[in-house]
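Both of the next two complexes hold subunit A, though its partner changes from subunit B to subunit C.
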Partner chain A sequence: MFFHIVLERNMQLHPRYFGRNLRDNLVSKLMKDVEGTCSGRHGFVVAVTGIENIGKGLIRDGTGFVTFPVKYQCVVFRPFKGEILEAVVTMVNKMGFFAEAGPVQIFVSNHLIPDDMEFQSGDMPNYTTSDGSVKIQKDSEVRLKIMGTRVDATEIFCIGTIKDDFLGVINDPATA
Partner chain B sequence: MSGEEEENAAELKIGDDFLKAKCLMNCEVSLILEHKYEQLQQTSDDPMNQVSQVFEKSLQYVKRFSRYKNPDAVRQVREILARYQLAEFELCVLGNLCPETVEEAIAMVPSIKTRGRAQDDEAIEKMLNDLSLIKKFE
Partner chain C sequence: MSEKGGKGSSLLSKGSLKGKDDSATKSSKGRRVQFSKEGPFESGITSTGSPASGGKGEFNKGGKGDKVANGKANASKSPSDPGIDQKLPENIKCIMDCEAADILHGIQEQMVMLSRDSTIKIPISFDKGLHYASSNSKYSDSESVRRVLQPLKGQGFSDNEICMIANMCPETVDEVFALVPSVKDKGSTTQVLQDSLHQLSKLKQF
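And now, the complex of A and B:
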C-alpha cells in the first residue's frame, strides 16, 4: 500500500551551499538522498512531496558542516503481511512465479498456486488449469495476498499466495 | 512497532505509524507522481534519468492499476468511502481492488467485519454499488 507520511532526517550541508539558495540546496539534496531508498520500517520512499519544517542548523565542531533537522512529507510504498494487492507477473518457472507491485518483488511458490494449475514449460512458461481457461504467464496481472515479508538493507522482498478465495488472475479489464 | 511478527493487515495490525498515516489509493498516487514527473520534465531534458528506479516502477505500476483516471472521480471515491467509518487502510484497499460482491469485499478486507462496527452486508452492498456507479459515469 502507498502512504503519505511525514519523516524526519538530519541533513548535513557543506558550507559552500550557504547563501540565498540554502533552502533549495537542502531540498534538492534531500530528494537525491532519500528518494529510491528503502527501510524495513517505512518501506520504499517513492517521492518527496513537500517540506514541513526545517529546524535550526547546528554547526559541527571542526568541520564547518551544518546539520539541519528536516521534516518532510513523502509518498512511501510499504507492503504488509496479510495485505491483498494486484501485481504484474515478471517471471514464471517450475518453482513458482515472481511478480512485481511497484518497487517490491513478490514470489509465489508453486505450493501456493491452486492445485488444479499445472506448470507448462516452453518459450512462454506458464501455469494453466487443466481446461486451459486460466493461464498465468509473464505480464499477466494477478491479485495476490502477501504471506510474509523479508527486509534486507536496501530491499523488501515478499512471499505471496494466490490459493484463496478471490485471488488469482484478474479478468482482462477490456472485456470485464 | 513491537516486532514484525505482530503485523497482519487482515486484522488491521499495521503499526501505529501507518495506522495514523494517510493511505493513498493507486489512482491518487498516480496523480501525485505524474504531477511530479511533469515538473521534472520542465526543468530537465531527460527526466527519466533524474528519477530513481523506485519512482519509475511505482509510476508504471499505479498507471496500470488505477481504477479511476480523472481527478474528480478519485475525489468522489474517497468521499463515498469516507461515509462508512472505514480505517484509511481499509478504504484504500477497497478503492484499489473494487470488489464486486459483498463476499469479495469481506475477503479483501476481513477487518470490516471483525472490528465490531455495525457494518452489515446491506451497508457494504450499498457502498459497492455507489463505487460502481462512479466507475460507470466516469
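And now, the complex of A and C:
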C-alpha cells in the first residue's frame, strides 16, 4: 500500500556545492540518496514529493562538510501482513509462484494455493484447476493476501496466499 | 531467489520460528530474518481473521522442506525487538493507488527535466511503483472516490481500511467482510457500506 509520509534526514554537503544553488544542490542530493531506497520501517521510498523544511547547517569539525537537517515529504510503498494486493506473476515453479506488486516481491507457496490447483510443468509452467478453467502462469494477475514480510538491505520480500475467499486469478493473459 | 529459499527453509527446518527466541531466527551470516506479525490496522487485520492456513508454517520460499513446515510458523516478534518496527510512524497518510498514480505522474513530468542531468538516474522502484499504481488505478477521478467513501469514516472505518476498499473495488459487502475482517466489528455499517460500494462501482473505469 502507498503512504504519503514526512521524513527527516541529515544531509551532508561538500563546500563545492555552496553558493547560490545550495538549496537546489541539497534537494538533488537528497533525491539521489533517498529515492529507490528501502527500509523496514517505511518500506520503499518511491519518490520525494516536496521539501517541508531545511534547517540550519552545522559545520563538522575537522572537515568542511556541513550537515543540514532536511524534512521532506515522500511517497513510500510498504506491504503489511493482512493486506490484499493485486500482483503480476513473474515465475511459476513446483514450490509455488513468485509475483510482483510494485517494487515488492511476493512468494506464494504451493501450500497456500487452493488444493484443486495442480502444477503443470512444460514450456509455460502453470497451476491449473482440474477442469482447466482457472490457470496461473507468468503474467497472470492475481489477488493475494500478504501473510508475512521480510526486509533485506535493499528490498522487501513477502509471503502471500490465495487460499482465502475472493482471492486468486483476476486476469489470465492466455484468455485476455 | 533460490538462495533466499535455501536460507528460509534451513531456518524453518531448525524449528527456529517456534518460540520467542530471536537468536534462533538469525541466519548463518548473523542477519536477522523477521516475519512481521502486526499490520497497520491496529484494531483489525490480525491472524484471527485468517483461516487456518496462517497457522501451518507455510513460509517456504521455494525451499526444499515443504513437509517440514507443519509446525508453528510465525516468528513471534517480541515487543522489544528492534528489528522491524511494526508501528507506523506519525505524519503518515495512507493513499489510494489512484491518488498515488496522480502524484507519481506529476513527478514523472518533472523527472523528464531532471533526467537531463546525467548524474541523476531515475530509480527502478519509481518506475515499478508508477506502473503498479497506474495499472491498479481503477478510477478516473481520485477525489470523487474519496468523497464517495467519506461516509465510511463516520462509521469508524480507518484511513487504511478505506484505502484498501478503494484499491480492491469490491462488488459486495460480503467481499469486503471477507477481505477486511476488521470492518465486521464496526456496528451497523452494512447499508452505508453497500451504498458506498454502489457509488464506487459507478466511478470505476474500464
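One rule holds for everything that comes next: the second predicted complex is superposed on the first by the 170 of 176 C-alpha atoms of A that agree within 3 Å, B and C clash if a C-alpha of one lies under 4 Å from a C-alpha of the other, contacts with A are read in each partner's own complex, and residues count from 1 in each chain.
In the analysis below, contacts are C-beta pairs under 8 Å (C-beta built on N, C-alpha and C of every residue); 3 or more make two chains touch, one makes a residue touch a chain.
In this text the structure is predicted, and so the values were computed from the model without any measurement.
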Report clash or fit for the pair subunit B and subunit C bound to subunit A in the combined superposed model.
clash
Just to be sure I read the superposition right, which of the two partners does A:Ser28 touch: subunit B = first, subunit C = second, or both, or neither?
second
First (subunit B), second (subunit C), both or neither touched by A:Gly36:
both
Of subunit B and subunit C, the partner touching more residues of subunit A is C
Quick check for you: in the superposed arrangement, does A:Leu112 touch first (subunit B), second (subunit C), both or neither?
second
Mind working out whether A:Phe98 is in touch with subunit B, subunit C, both or neither, as first, second, both or neither?
second
First, second, both or neither for A:Ile5, with subunit B first and subunit C second
both
With both structures aligned on chain A, tell me which stretch of subunit C collides with subunit B: 8-16, 26-34, 62-70 or 116-124.
116-124
Show which residues of subunit A both subunit B and subunit C reach, each in its own complex.
1-5, 35-36, 38, 40-42, 44-47, 49, 75, 77, 80-84, 86, 100-103, 143, 149, 151, 164-166
Where on subunit B is subunit A touching in the complex?
1, 4, 7-11, 14, 17-18, 21-26, 28-29, 32-33, 36, 51-55, 57-58, 61-62, 64-65, 89, 92-93, 96-97, 99, 103-104, 107-108
Under the touch definition given earlier, write down the residues of subunit A that touch subunit B in their complex.
1-5, 35-38, 40-42, 44-47, 49, 75, 77-78, 80-86, 88, 100-103, 141, 143, 146, 149, 151, 164-166
Of subunit C, residues touching subunit A in the complex:
1, 4-5, 33-41, 44-46, 49-51, 53-54, 56, 58-63, 66, 69, 74, 83-85, 88-89, 91-97, 99-100, 103-104, 107, 114, 117, 119-120, 123-126, 128-133, 136, 160, 163-164, 167-168, 170, 175, 178-180
Would you mind writing out the residues of subunit A in touch with subunit C in their complex?
1-6, 28, 31-32, 35-36, 38, 40-42, 44-47, 49, 75, 77, 80-84, 86, 91, 93, 95-96, 98, 100-103, 107, 109-112, 143, 145, 147-151, 157, 159, 161, 163-167
